[in-house]
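Input: structures, listed below.
Shared between the two complexes below is chain A, which pairs with chain B and chain C, respectively.
And now, the complex of A and B:
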């Protein structure tokens, strides 16, 4: 009896501990984001005080209006959105067509395997390893500081990802309807447009969101290939470090404005998150 | 329409019940090829069409990844300082490479990179595994946890870098404030050669640990429950269950996670660029930062290209393991 009671209380204690540890970790995970958001609403004098204000009791929208007054900021927002949209569109179009082709059996197995490994390897290489040649090539083509340059590089990095992810989604579609369409004499193109694409729409949406976020967040190539006309938001944020680093409020406001849309998009992909993260290798 | 489609388990789809549902895309694909018996009337036309479908993507990748890589290989045999006006590349053979092999800066950067990757991935994995077990066990607020974990993961890396820079700030930062509450004196973190690398690793763990949690949790949830019931009947302890059941069954997923994380940790650039830019001194100068500085700050194009290629070869070895793992799953599936 007594033993049973201690067992129960031990279990309760264990569960309490479990919750406490999880809560502690989650607070640690969430705190930086909390810090970012609160800093964005702090008065400038409140951002640089010691000890720092953890729980701000007064707030202002001043930082946000300051951000909007930064020179060309509207254009930088537009650049980020435009480059991300176009490279996503291009990547998803080329990628889903390629994936469709790879998901069918008309190509010899060996060839398909080689193509897939090659695509995988392209995805694995760190972006910095192609940065130097890109820099030289883009300069040689007189494409420095153009949207085209960034669209091309971002698509190059997301295309392998799109192909692999879409392959998995196409693979999940049942074959029966495709076969019926073959019997009816539909061509490959018709089957792709009228059967596979509509059925794989959720997969396409998820893939598009992932590629959009990649391009929206990308910094290395954006900083290397743009200076003003095609400058994107990550480059603007990084710029705050040097000359005006102590303007934390303004910087945080811009960062928050940049990060929030991405968070909302990311929330939409939750169901397929693991698949996207593992390149399709693990499905949930 | 959709209802009619859903339950049809034709050749291509695997039954989803029973056994771990962790299917490598590779295996699914290959299984498909072996089994599919689609009768195609106009076979040659279909084949041609399927090549037309893949050609644009292949052409694009050829131009945007293969060509730059080959171009970079070519550049690595030249000495070329682009910052000097009208300078021309001069062929130097393997000199860039031989110099790198005896270059202490390159060696220390390689070492820093390895320390960074090894410690970040190890800690991410251990913490991530613990948390994955927690969220799959008895916690009821999984939805909230998920959303919270998404925040660092999806945060623009550059933003993460500048954000942590403010957190680490020696006078105005929150971290020194919190450790001050428990009596630890203020530290300089990113300004201190002994703490900077750890500070950078902390940010990497903060941002990437959710990847490990998400993937492992998905893996754990797909494990068959029967084993657990049997173990509970036999009176196994939680630790025994973990060691004897969860860990072995989870091995394929663990491998995928580790390889993915290792390959991605090598890519680190944005966070270090904004947090320390390799400093203080060269303490946090990982290979990507070193290549960036040499190529895009000092415009030593040849030298930076040679560094890039050594880095590539290094990654390639790891990539082979990853691909083997994906393919190994296929052989398991067919045998």
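And now, the complex of A and C:
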């Protein structure tokens, strides 16, 4: 009886600890978001007082209206969206094709390893190390301050990530399904489009979300390769920071607005994130 | 429908010879089963026929046409996989009709063929479901439907029943037989289950280490195994083997061994005649391996055994009642033999008795070549 009680109380203690840890993680993750949103609604004086105001009792929409009055802000929004969407589409398409061929083509293990590492090397360097060459090349191609410049660089940067991630998903697909499609008379392209891609949709959704977020938030290359025509939102946000002023309110307001499309995009792709789509295909 | 012909076909994976010099003709509308332990080359043969692998040497002909360089989709062959390999994102209807759609058949024609296949497999009420909503047996039927709807030159089946539970497997086995009789298909069937091989096939091909051991109708292979491997592989419980030595004494053949005392087994010319060994009797001198199937041994008291002229003392170690029969494990000296007896014979473990061999059903194998001395 005593032993049983000890066991139960141990269980309770364990559960309590679990709740505490969960709460701590939740605060750590959610607080920056909370801080961002509340700051976006604060009066300018409230953003710089010490101690900081954790729970603001008054608010204003001023930061938002100021941000929306910035010249060409609509175009910058569209720039960000266009560049992120196109580079995501391009990256996922090209990366999936590369991953599919790597997963299905018979190749000696070592050769495949070398290729995979080679692909990864692009991501091993800190992006800043390749910034100057990129800048020179883009200028040489007469692509400075164009959407194409950022689409190309973002696609190049996300490709290794897409290939590695998609390779895992493709390798998880049962080999027999591919063989069945071969026997049904499908060409390589038909197999890729009609069988493999639909089955890898959860993988594609995950990959697309990450790729989109990367491109949407990318700052370094956007600030370097664009000036006005193809300027993106992260560059606009950075504009609120200078040696003379730090406009926390506007910065937060724009950042809060930037989060919205990402959430919409994630929401749209979320329904593909169900696991076990291949369930029922083969019996292992 | 078509004939499949293999001429000196071999397949090597690196250092492993998966298939060696296969020469076989599968006749039009014949049901041929490749059987053997895993790694014997049976699945390789199937993949080579399908075109999923390229042969390292030799030629494969389908319907008289050399297909070595023909891609799988153009060979007009259907394959059923062990794992079913249904397309999980397509409905049953789309799964069955997919091969026709890829071949750009008109939609109405596809629909009518899908209906026909589904009806013959009794899955026409499941056409709008996805594979994950089906039971194992139903998925198996969809996989079969996908194969028959294309009306191909030949069917390749790779252990199609091995994922079903025992009861369903036996039921599907019978249905498969009926199905392929109805569609009059040339069938190449791979299994490691000898019951499927025996019951389904016109001919079985027993394989081992990438080599064909014996080809023939199931009963012929069962009754006249060409070598020790075939004898041991087919049959459940398996054939018993005893080391022995043969010599002639007073016109009778004495079969003796370490565990077989003198007089335990004597054979007359008539017995050799029944075993079809009379013309090969010169091969019988010296040491050999005696093979006898469990159902060809009777267990009883001495008086009963005496009458037949062959008797071997033994002790029962284990009795396994199977319902329809009892399987006895008996000790003969240091050897263990398996015997199957009628279910009504009351035998207890520990009981002493005598074994009587059905002398017409004995097999003798060469100790080194392991070939049946009759072969």
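Things worth noting here:
In the analysis below, the second predicted complex is superposed on the first by the 212 of 284 C-alpha atoms of A that agree within 3 Å, B and C clash if a C-alpha of one lies under 4 Å from a C-alpha of the other, contacts with A are read in each partner's own complex, and residues count from 1 in each chain.
Here is the rule we use: a contact is a pair of C-beta atoms (placed from the backbone, for glycine too) under 8 Å apart; a residue touches a chain by one contact, two chains touch by 3 or more.
Note that the structure is a prediction, hence the values are computed from the model and not measured.
Contacts of A:262 after superposition on the shared chain: chain B is touched, whereas chain C is not. Comparing chain B with chain C, more residues of chain A are touched by B. When the two structures are aligned on the shared chain, A:68 is found in touch with neither chain B nor chain C.
By the touch criterion defined above, A:26 reaches chain B but does not reach chain C. In the superposition on chain A, A:16 makes contact with neither chain B nor chain C.
In the superposition on chain A, A:195 makes contact with chain C only, while chain B stays out of contact range.
Of the two partner chains placed by superposition, chain B and chain C are both touched by A:176. By the touch criterion stated above, A:186 is placed in contact with chain C alone, chain B being left untouched. On chain A, the surface patch touched by chain B in one complex and by chain C in the other comprises residues 174, 176-177, 179, 182, 187, 199, 277-284. Residues 15, 18-19, 21-22, 25-26, 28-33, 35-36, 39, 47-52, 54, 94-95, 97-98, 100-107, 109, 112, 115-122, 124-137, 152-153, 155-156, 159-160, 163-164, 167-168, 171-172, 174-179, 182, 187-189, 192, 199, 213, 216-217, 219-220, 224, 233-234, 237-238, 240-241, 248, 251-252, 255, 258-259, 262-263, 266-267, 270, 273-274, 277-284 of chain A are the ones that touch chain B when the two sit in their complex. The touching residues of chain A, counted against chain C in their complex, run 174, 176-177, 179-187, 190, 195, 198-199, 277-284. Contact residues of chain B toward chain A in the complex are 5-6, 8, 10-13, 21-26, 28-30, 32-33, 36, 38-41, 43, 45-47, 49-51, 53-54, 56-58, 60-61, 64-65, 68-69, 71-72, 75, 82, 127, 131, 134-135, 137-139, 145-167, 171-174, 177, 180, 206, 209-211, 214-215, 218-219, 221-222, 253, 256-257, 260, 263, 266-267, 269-270, 273-274, 287-288, 291-292, 295-296, 301, 304-305, 308-309, 311-312, 315-316, 318-319, 322-323, 326. Residues 50, 52, 72-74, 77-79, 81-89, 98-99, 102-103, 130-134, 136, 139, 146, 163 of chain C are the ones touching chain A in the complex.
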